[in-house]
Structures are given as C-alpha cells and as structure tokens.
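Across the two complexes that follow, subunit A remains constant while its partner is subunit B and subsequently subunit C.
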Partner chain A sequence: MHRIDSHPTHKHAKFDLRVGKPLPFGATIVPGGVNFSVFSRHAASCELVLFRKHEPQPYAVIPFPDEFRIGNVFTMVVFDLDYEELEYGFRMDGPFRPQEGHRFDKTKILMDPYAKAIGGRDVWGKIPDWNNVYPHRARIVYDDFDWEGDHPLENPIEDLIIYEMHVRGFTRHPSSGVKHPGTFASIREKIPYLKNLGVNCVELMPIHEFDEFENSRISPVNGERLMNYWGYSNVGFFAPKAGFAATGKFGMQVDEVKALIKELHKNGIEVILDVVFNHTAEGNERGPYISYRGIDNKTYYILTPEGYYYNFSGCGNTLNCNNPIVRNMILDCLRYWAADYHVDGFRFDLASILGRDQNGAPMHSPPLLETLAFDPILGKCKLIAEAWDAGGLYQVGSFPSWGRWAEWNGKFRDDVRKFLKGDEGALGGMAQRLQGSPDLYQSENRGSRASINFITAHDGFTLMDLVSYNGKHNEANGENNSDGGSDNLSWNCGWEGPSTDEGVRRLRAKQIKNAAALLLASHGTPMILAGDEMGNTQGGNNNAYCQDNELSWIDWRLLKENDELFQFFRKMIAFRKEHPALRCIDLLNRGNSSGYPCLSWHGQKAWNCDWSAESRCLAMMLCESGALAGRPNDMFLYVAMNMHWDMHGFELPVLPGGLAWHVFANTDMRPPHDIWEVGQEKAAENQGEFLVGPRSIVLLTGKPRT
Partner chain B sequence: MELKIETRDGVSVITVEGKLDGNTSAQAQEKIMPLVLPGARLVMDMSRCDYVSSAGLRVLLLVAKQTASRGGKVALAGVGDEVKDVMEMTGFGGFFKNHPSADEAVRALKAG
Partner chain C sequence: MESSYSMECKDGTAKIVLTGRLDAASAPKFQEKLRELSAQKISNLVFFAKDLEYISSAGLRVIIFAKQKLGADAKLYLIGAPAAVLNVIKMSGLDNFMIVQDQYPG
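Entry: the complex of A and B
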C-alpha cells in the first residue's frame, strides 16, 4: 500500500516537492524521495543546494518555501533524487551582526550538522581543491547494514582491558603487513593480534569526520607536511572519517566501520569512541564557514558579551553544550552511534566543558551530563570523561557522575609515574591507586568502576619514551618545543634518548615491565596505549598530533625486537583476567574462608609497611576467595614493589596451612624467567623472604604447593 | 548496465554488464526479483561488471536473502578483485560464495 502523503504538492524548476517532516533532523530516505530537515532559529530563509558527487558547482538550488518552515525548522521532501550520487548543503540568509552573535553569510554553502556521511576528504592526505565552494559535503547513507544479530557486548567495565589506538597510526607503517594500511579494514586484519595480546576493548581516537588539512603547514625543522593527524576537531559529529576507510573513495565508509565493529564484537572486543564535543573545526572568528557558524552561530557556540568565541577548548571556539538545541544534537549523535553502529561506549574529550553553562561557568548539575547518564538508549554504554578542560577546570574525582560516569584518572598516571621513578613520598599515592583510588571515588560511592587507570595515553610520552627521555622533544612540531606538556614525571634511566648501553637498555625494559605490572595489578579499568606493549617510540615527542609519519605510526618490527615486552604484557593481561580479586569492585566487602583481610599492606616486614617519605618499598596482598573466583579454595596474590635503587628483602606473610608462595613474575629477571604463563607459577625457594631486586616488582601467588 | 538472463541446467544465470550503481540498481532489482521463486537457484555472473556501488551491493544482498528465505541459493561468479575487496571490507563478502566462472557456479549450486 502506498502512503497517501507520498506524492508531491509543489514544484521548483524540474523538482517535485512537498513539505517534509521536521524529525528526524538531517536527510532521510523516504518513499520516493529524501526528507531534508535543518534547524536555524535566527535565519530568515534557507535554500537547499544540490551537487552531483565531486562536481565543482551545484546543479540545483531549491529555496524552502516559507510554508515549509515549522517553528525554527526548515523541512522539505525532494522527490526522485539519485541519492547515491548526491551531495547537499544549505545556504542561510540572516543577520551579520557579530556583536549580537550573528554571522550569517548567504553566499556560503553549509554542511548539514546531522550529515551521516561527509565527502571532500575521501582519501587521506589527498591535497584538496582550495577553491572548492563547498569543501565538506553532506551525503546520504543507507542505514540498512545487516548486523546478523550482533549486539553491544555490555561487559562490566571493570572487566575491560582498554587498548587506545589511532586508526591510521595503528597499521599505517609499512611493517604492519596489512592489505590497506591505515584503515578501519586493516584493524580487522589485526584482530588475531589483539586477541593474542588479550585486550577486550579498543578505544578509537576520533573517527568523526575531520579535516586533516586544518592548520596544515610544512615543518621548518624537517620539511615534513604537518597535518591534523589526531583529528580532535570535528567537521561533523554523525559521519565517520572517510579518509580512514579503504572504501572511502567509494563512499562506503559507513559500511566499513560497521563491518569492523561487527567483527570485533564477534571476537569479544568492545569498541569505545573518543568523541570531541567541546569544539568544532570552524575555529574562531577568523576560521572558515563549514556549518554551525553559518547555520546559527549564536546557538552553537559560547560567545563573549562582545560576540567573540570563548576558547575553553584551546582550539579557537567552544561548543555551546548546554544550550538545549546543542544538547539534543549531542544526544542524537550518541544515540545514533550506539544504536546504528553498536558502539559500546564513549570517551569524552575535555569533558569538563560539557558541564559549563552558556556563559562558560561550571554548573553544579549540568543538564547535558545528567541527560546522558540517564538516557535510555545509552543505558548500557560506557561513559568516560576526560575530566578537565583547557579553561582550567580539573574535575578528576569530582566529575558529576550520577553513578554512571567514569573518568580518565589523571592522578593514577601521575602517582604511578612518581613511584616508578623512585620519587620520595610516593608510597601513599601508589597505595591509593592500587586499590582503585578510594581517595577520589569513595565519597559518592562510585568505587573503582569510576577509575580508568592509565600511565600513558595518546597525549604525552609513549611508555618507551617515558623511560627514555627526561624532557619532551617536540621540535618537529614546528613550535620551538613549546607545545605539549612539560611536566611529564619521566626518567630516562641515565641517558637521554636511544642508547646502546646494555645497562640502560635493561633498566628501561624493566621499568616498562614495572609499569605494566602496576597498571594491570591495580583496581579500576586499565588502559594501554597501543604500541606500548612492543616498546613503540615517538622519539621523545609527547604531542604528536600533527605527525602523520613514522614518528607516530606504530613500527611493527619492534614486536620482534621487543618480544619480551609483548610477552610480559600478554601474560600480565592473562593474569588479570584469571584473578577477579584484581578487578572486583567491592573486594573489601567480600569475605573469605581463610580469615585473612581481603586487602592488606606490607613492606620489608610482613604486615608492617614503612610509609615514611624515604621508603620506596611497598607490598600489597589480596585474598581471593574461592567463591569469588569459582575455585574450591582461597588463593592469595602478593605484589612486592621495590622502587629503590638497591635490592631489598621482603618478609613474606605466612600463608594458611597447605598453601605456598609461587613466583608469577619478577621484573629483575631476564626472559624467560621474568614472567610465567598463568597457572605455571614456580614455587618460591624461600617461603619466608623474597629478595626483590633494585627497581623491581615481584608478583607471587599463594596456592597449594605444586 | 545490461542484464542477460538465461537458464543453464535449471539454474538461472544472470549476467551483469557495466555498472551496478545508484542509477541502475533499482532496475536490476526489478528484473531479478521475479526469478526469486521457492527453491530458486541463481548465479550472478559479475565478470563483465566493472563497478558495484553501495546500492548495487545491497541489491545483491537483498536477492541472496530473499532467495535463501524461500529455500533457494545464490552464488556469485567472476567477481573482480577490487569488487571482492570492497565486499570483504564492507561486510558484504561473508554472505556470498564466489566462483571463478558462471559454469563452475552452476556446477556448485547443482552439487550443493
């Protein structure tokens, strides 16, 4: 049966039209045509501009008849469009009065804020036509992907081992050995690698459409073209980055991303997207018109009383997140990625901005954050905040959460780094981090679920660089080494940069293993930076946002060279998965049949840790009840940490009868004696004391003697 | 695009010539769907098809799904490397078995 409203009522030139439906926003395929719907509160009129794919000039401009406007929404159905070959935009007429916040320019062709695919940067790095009248072009997509019963995995967050990666950097290096380097498709080829490593969640750095040529320039240092490689600057929020798709040149990026997510899910790997709602690629008043500025500047951006752009993002403008229109757009966007792409969660870049009001002031109960916390469609999605912004708001431990939001725990990173390099007075902080940061997350009963633990992330040193450089080396970024954080809490192990000295190299390998052990033995959800497990380096660059070259691409040759690091990570991950006591969110409330505390602190003396500032020796013991682990008996885990430059003996706590200490890992030993396969631990020779080498970590399990 | 339909050993062989894209896929679908009868066996010979767009892939998948739901089978033949690659990367590949030639596809369908 045909719908009775599927026939045209109006005509413009050769186009048949009728009034559209205001919802959903964007372009939607309807019987016989396409329904276009776009909001603007302050525009006086709007035109739909149609292009054939890649053609320089439009083939049609159709004004929205005034009777097609509903409230502040222009909406229209255009019949008989070949939507696969179509690119569309809008032109809006309205006031240009910057002091009042209005910047309409009826000559600019504007991208639909709800564009589901965006053309213009279809192939990564292809030099664009700078005179293009419409550089970022909205396209229409099919949303009928065949998921074959796929569903987000909905694993408890505490069971995740997150692996943060840049889609392009992960496989772009020639050594990756994939068919289409640097693409979504090639991540699929690496799934066996991810499974072997043991991670069960990938966090993709921004995959929304961005412009790699934004602020593109030639490095004065090495002549390389510097690009917006990281992509923390959205052109559109609903469209995947075409240049990351091997099929982007055919406009099939949507299907490629969905096929990737479906395959990751099949292999038990969740997908978290790094989303950037704090600003857009339009920059400040000197930036280009892409979309929002020309559609309704005053709605989309936080403006000063004089009409300039507030810059809480450090990127030129600030999205007006707590304006109801923008709030709804963000909600629509996240719902779309959750429902249409089966995404498992989101990490919000500079999330504190999402809690600022329309004048920029931090709010007590920000409506956007509350909406997301309680949204039914996002109900099982992980919500992770980078709980600070460039405007000086720092909310680690205090991000408004409603029991739903987790945080990138920046304190974890800092405290572990201090402890790792042997700083004085680092023991107390380390103990907090090991037990899931109760000092930060206990007060509102958030627990260790709120803590995403990391030592390294895309922002800052790689793990190899953390133990190879005292200072950052960002000269190649062309900003006189003034960009990037200067407070890295790093230590080069005695030589700045690459070294052939065997002692330095050994110590670095050990420090990397120490870091892996601390990260994976701590309560809270661990996040590993892709490449750290094979000792990937960025040559000391701690802000590689503009480096689309070998500096930032993962060099897969290192996997062979640094096999001992990979094996250590792999086995530590397996150890974490094997032992629920390391992940359990309420360990302290769990009993055990041994009568031991669930968690206890030790040091060179059992049951008696020296907490003084000079002390660098700490041991943690967990009693893992048989009931928790599904084993007949309780088991014990003991982590001895000696970050002092001398060897120290650690007196071991006495185990219940029948159990003995077994060595799982000892970072002071060379491979293959540095770590064992889970379950293959070797009984310790001396059950009363363990000599822990300088700057070393030992992991023991207490179980029936083998 | 042109479609040629013939019957070999009780199997309908549909040869697609030219481009299967947004312009032509609706027409292709209209011609193929009447062949999707209960228990039908279809071979889509793609060896003369130089481009399959997103819309084209959707027609292939629709035909395959409809045929399967009526107890029939669809096989592809002669899919070029690039199209095969695109199908693989976009998740369409898993739904089809591709054979080097239409004759081999016919034989496989008859045997299976």
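Entry: the complex of A and C
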C-alpha cells in the first residue's frame, strides 16, 4: 500500500520533495525518504545542505520553500536519499546583531542539534582537515537495534555500587590486554573483571560527541599533545562519541554502544551517563560556529544585556537551560537515551546551572529540574546532580529534588578526607557521613538515597595520589600548575610522590584500605573511581582533563602489583552486598528482636564515644535484623575507626547471648590477614576489647560462634 | 564486483551466497529475496560470505532481521567471512546473533 502522503509534491533540481512533519525534530527515515525538521525562531530562511560521506564539498543545497515552514520550524521530506552515505547540515539566514543576541551567518554550515550520529572525528586523535567547510557532520541513524528483550535494570539506587570510568582511559593503556584499546567494545571485554570486582553500575564520563581537538595544544613541559580528553564539552547531545567506538570509522558507533549496554545489563550492571548540559563546544564570541550559535543564538545561550556570553560553566558559554525550547531539547535528549539506548540513569555535570533562569539567577523551583523529576519516560531513571557550578552556586543538601534527585555528596568527600588524615574535630562530620548524611538530606524526607558518596572522582586526585601528595602537580597541563583545585585535603604519608620507603608504602596501602572501608560501610550510594581499586596514579595531577596518555590511562599492571588493594575492595563490596543494614534507607525505623538500637555510637568505651575535637576514635554498631536480611537471627556489624597515630583499645559492646564478635577486616594487618571472605570471618580472641592499630579500621560481625 | 545473492533451500536449510557489497543501496533487494523464506519452515540459515567485499550496518540489519523473522530456534551461520567483514561484526557486538565459522558444516 502506498500512502498518499508519501508522494512528492515539489521538485528542486533532481530532488523530489514535500512538506515534512515538524515532529520529531532532526532527520527521520520515512517511507521513500528522509524527514528533516529544524527549529529557528529568528532565522529568515533555511537551506538543507547535503554531502556524500567524507566529501569536502556538498553535492546539493535545497532551500526550504517558504510554505514548508510551520511556525518556527523548517520541515521537509526529501525522497530517494541514500541515508547511509549521507551527511547533512543547514544554512540559516538572519540578522547579525550581537548586541541583540543574533549571530546568523548564512555562509556557515550548521549541524542539526538533534543529530543522532555525527561524523568528522570518526577516529580518535586523527588530525582533521582544518579547512573543512563542515567539520562536525550530522548523519542519519536507522533505528532497529535488536535488544532481545533487554530492559533497564531498575535496581534501587541504594543497592548500587557505582564505578566511574573514562571510556578511553579504562582500556587505552597497552597493559589492558584488549583487542581494541580505548573503546566501547573493549569495555565489553572487561565485563568479567567488573563482575569479579563486584560493582553493579558503571558511570561513563561524557560519551556524547565532542571534539578532542578543542583547545588542543602542545605541553610546554613534556612536548605531549594536550587534548580535550575528558570531553566535558558537547558538540551534539544525541550522538555517541564516534572516536570512542572501534567501529567509528565504519559509522557504527550507535550499534557498538547499544551492544555494550545490552551486555552490561545481561551481567547485572547498570549504566549511568555523565551528561553535560551546562555549555557547548562553541565557546564564547570568539568560538566556532558548530550549530546552536548559527541556528538561534539568542534561544540557545544565556547572554549579557550587551549580547556577550555569560560564563557560569567556566567554559566560555552557558546553555539557556530554562528557555522552553532548550528545556525541551534536553528532555528529548534524555528520553532518547533512556528509550533508545536503555540507559539506567544520568549524572548531570554542574547541575546547578540547570536551575538558573534566563538571566542567570538561581530559581526556587526550576522548571527544567521539575520536568525531569516528573517525566514519565525518565520515571525509573536515576537522576544525579553535581550540585554546584562554576559561578559559585553550591547546593549540596539543597538541590531542588521533588524526592527524585540524588546528589554527588561533596561534603562526604571532604569530611572523610579530613577524618582520614587525622584532622582535629572531624568526628562529628564523619558520623553524619556514615549514617547517610541526615544533616543534609533529612529535610523533605530525601534520606540517604539522595547521597552519592565518593572520596575520589575523575575531578581531583586518584585515591593513590590522595595518600601520596600534599599538593597538586599539574605542570604538564601547561597552565603553570594554576588549574585544578588546590584544597585537596590530602596527605602524602611522609614523602611527596612515589617512595621506596617500606613504612611510607605500608601506610599508603593502609590509608587506601581505610578509605575503601569508610566508603563502603557508609549509608548512601558509594561511587568508586575506576583504577582506585588497583592503586592507579596520575603522578599527582588532579585535573587530567587534557592528558590523553599514560598519565591518565589506567595501568593494568598495577592489578598484579597491588593485588592486596584489589582484594580489599572486592571483599568490602561483597560485604556491603551481603549486609542490607549498610544500604537500608530507613534503618533507624526498623526494629529488631534483640532490643538493641539499630545504630549506635561507641568509642574507646562501649556506648560512650568521646566527641571532643581531639578525639580521633569512633565506632559505629549496626543491628541488622534477621527480617531485613532474610536470616533467622539478628546480626551485628561493628566498625572501629582509629585515625589517631597511636594504637588504641576499643571496648566492645556486649552481644546478646550466643553471639560472638568475628573479625572481617583489620587494615592494620598485612594480607592475607587484612580482610576475609564474607562469611569466613574469624572469631576475635578477646571479646571484651579490640586493640585497633594506629590509623586503622576494624570491621567486626556479631554472629553465632562458629 | 557486481553484488548478487543466490539462494537454495532444502530440508529446512537455506543456503545463501553473498558476493560484492551489501549496503544501503543493495540491502532492500536482498531483503526482498529473503522474504521468500518466510513461507517455509527454516531451521538453519547459512550465509556464505567468502566473496563478500563489504557489509554496512544496513546489510547487517537485513541478516539480523531475517533471523528475527525465523524465530529464536533458527540457527544463523556466517561462513568464511573475510577478516574485514568479520571485524566490523565483532566490534559492534552483533556477532552474538550468529555462529561464525570457516566451513559449513563446521
């Protein structure tokens, strides 16, 4: 059957045309042709520009007839296009009056903001043709991936153990032993490793198309080419980064990402994408025309009254997130990734910008954040905010949430770091962090579910560097060590940088285990920075955004060298999974049959913690009810933390009859006595007191004597 | 090389010889050809790909579509595919759908 609306009505040169459908935006394959639809409120006219893949000049330019414009949308069906070999763009004519916000330039070929695939940087790091008239090219995606019944996993957020990784950095190092280093395909190869470690969610640093050559330059220090390696600078929001795909040169990155997500799901691992809606790669008024600037500058960007770009992102421009058009684009984008890629959740970079109004002022109930919180398609997606921006808005604990939004808990990072290095007065903060930060999240009944706990993330020191450097060492970034945060709350354990001193090395290993224990024994959702479990270092660089080299790539040889760290992480993760009392969001409301409080604080004396500023000894006891854990009897968990430089005895709380304290972990011990397999804990010799070594953590379980 | 597809069916096994290029331009014709199978009970679908020069995502989709049409019990074989073709299939993760062998039967 041929539908009447699939027949051409117009002709331009050899192309058959008819008026298109305004929705959906972008390029959509329809019977017989391709439907193009693009918004511009202020353009006077629009042309469709067609290229054959990789060819320098277009083979056709088709003006949208005026009768094909519906409201502010240019829409047209072009028949008989070879969609696989096609690249398309738009040219828009309109006013160039920057003081009024308009920067139209009809000579520029502009990428479709809704492009589902983008060519031009198909192979990572391949030097582009700088004279290309259209460097980032929209392509058409045929949407028929076979998911074989796959579905987002929808695990409760409190059950996740998030693993934050850079797609390229994870396997680019030659030691990774994969077939296609640095790609989505090779993450698939590493799934057995992730399962062995025990993480059940990967958070991918930006995988939207970006330009690794943005601000590319040669390092004055070591002569390396510096690149936009992290990719926090979007070219397009709907297209996966082709250069991260082994099949990018064949234009099959969409399939490769979907195959990865499907395989991760099959193995019980969720996928969260780090999304960057605060700015684009077009920079400020001196930046290039890629898309938005030339399509409708005034709509897409927050502008000063004089028509310059506000810079709340620290990256040259600020996306106008609470303009209804841009808001809808963001919503369409997230829905697309949720529905078409089966993504499980999103982490929003500098999310506080998403709550600023069109003049940049923070809003009380930002419409975009509310829309996302209540959107039906995103209804089961995790929404995680980095609750601050580069313009000084800091909203940890107060990010507008509607009970839906979780936050990167920056206070967790800071308080744990202070406690870990033995600062005075760090006990109170640590106690809050251990119980899921009720000081931040009790209001509006958000609870520990709102808290994504982390000690390290891509931004800042790796865990090994946190215990190896007092100060940052970012000279290789070529900015005179002025970039990156200076307030790291780090301690080098007595020597700055790598050390051969056995005492220093032991202490560092112990501090890393202490950090792992604190992170994985705290309420809230833990996030591990990829590589920390094997002691990965960036040589003290705490802002490796431009380092596409061995400095930032994970060195898999460390897995063997630091096996004790890996084993410690692995067993701590298993311990967390085994004990719902560590994850339960309403532990304090749960009863138990032992008559003990669900959570209690102790110190060198049982039931009596010294909260004074000089004290560095703290112990937490949880009573895990049998009903909660699906066991016949209650079980007890006891975490003794001594961050003092001397050994201290901790008086142990008396357990109900028939139970005894068993040692699960003791970071003061050398392997294999530092940690046991879950369920294989060893009965403590002295049930009345435990001697906790200097700067050490001990985890005990109270269970029937074995 | 001219793209062509020859097909023979016997005892529930369909053998298809692929030559030349299988891309968006040639895929519709190929898909039309495979449609002939839908009337029959096929349990093995065997593609001989020794002389296949190039396969694009559109071409791969036709093969996967054919498998879907035949149902989960049908087996799909890709025989003797050149390294370049095989590489694309493996990298994109689509090799899960098929049994890749040098010879048939293996």
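The definition used in the following text is that the second predicted complex is superposed on the first by the 706 of 706 C-alpha atoms of A that agree within 3 Å, B and C clash if a C-alpha of one lies under 4 Å from a C-alpha of the other, contacts with A are read in each partner's own complex, and residues count from 1 in each chain.
We adopt the following convention: a residue touches a chain if its C-beta (ideal position, glycine included) is under 8 Å from a C-beta of that chain, and two chains touch if they have at least 3 such contacts.
Computed from a predicted model, the values in this text were never measured in an experiment.
With subunit A as the common reference, subunit B cannot sit beside subunit C without a clash.
Residue contacts after overlaying the shared chain place A:Glu256 against subunit B and subunit C alike. Of the two partner chains, both subunit B and subunit C are touched by A:Asp82.
Residue contacts after overlaying the shared chain place A:Ala390 against neither subunit B nor subunit C. Applying the stated contact rule after C-alpha superposition, one finds that A:Val221 touches neither subunit B nor subunit C. When the two structures are aligned on the shared chain, A:Ile325 is found in touch with neither subunit B nor subunit C.
By the touch criterion defined above, A:Met669 lies against neither subunit B nor subunit C after alignment on the C-alpha atoms of chain A. Put simply, subunit A uses residues 82-85, 142, 144, 146, 180, 183, 185, 188, 245-247, 250-252, 255-256, 258-259, 262-263 to touch subunit B in one complex and subunit C in the other. Residues 21-23, 53-55, 58, 61, 65, 85-86, 88-92, 95 of subunit B are the ones touching subunit A in the complex. Those residues of subunit C that touch subunit A in the complex are listed here as 23-25, 56-58, 61, 64-65, 68, 88, 90-94, 96-97. The part of subunit A that touches subunit C in the complex is made up of residues 82-85, 142, 144, 146, 180, 183, 185, 188, 245-247, 250-252, 255-256, 258-260, 262-263.
On subunit A, the positions that touch subunit B within their shared complex are 82-85, 142, 144-146, 179-180, 183-185, 188, 245-247, 250-252, 255-256, 258-259, 262-263.
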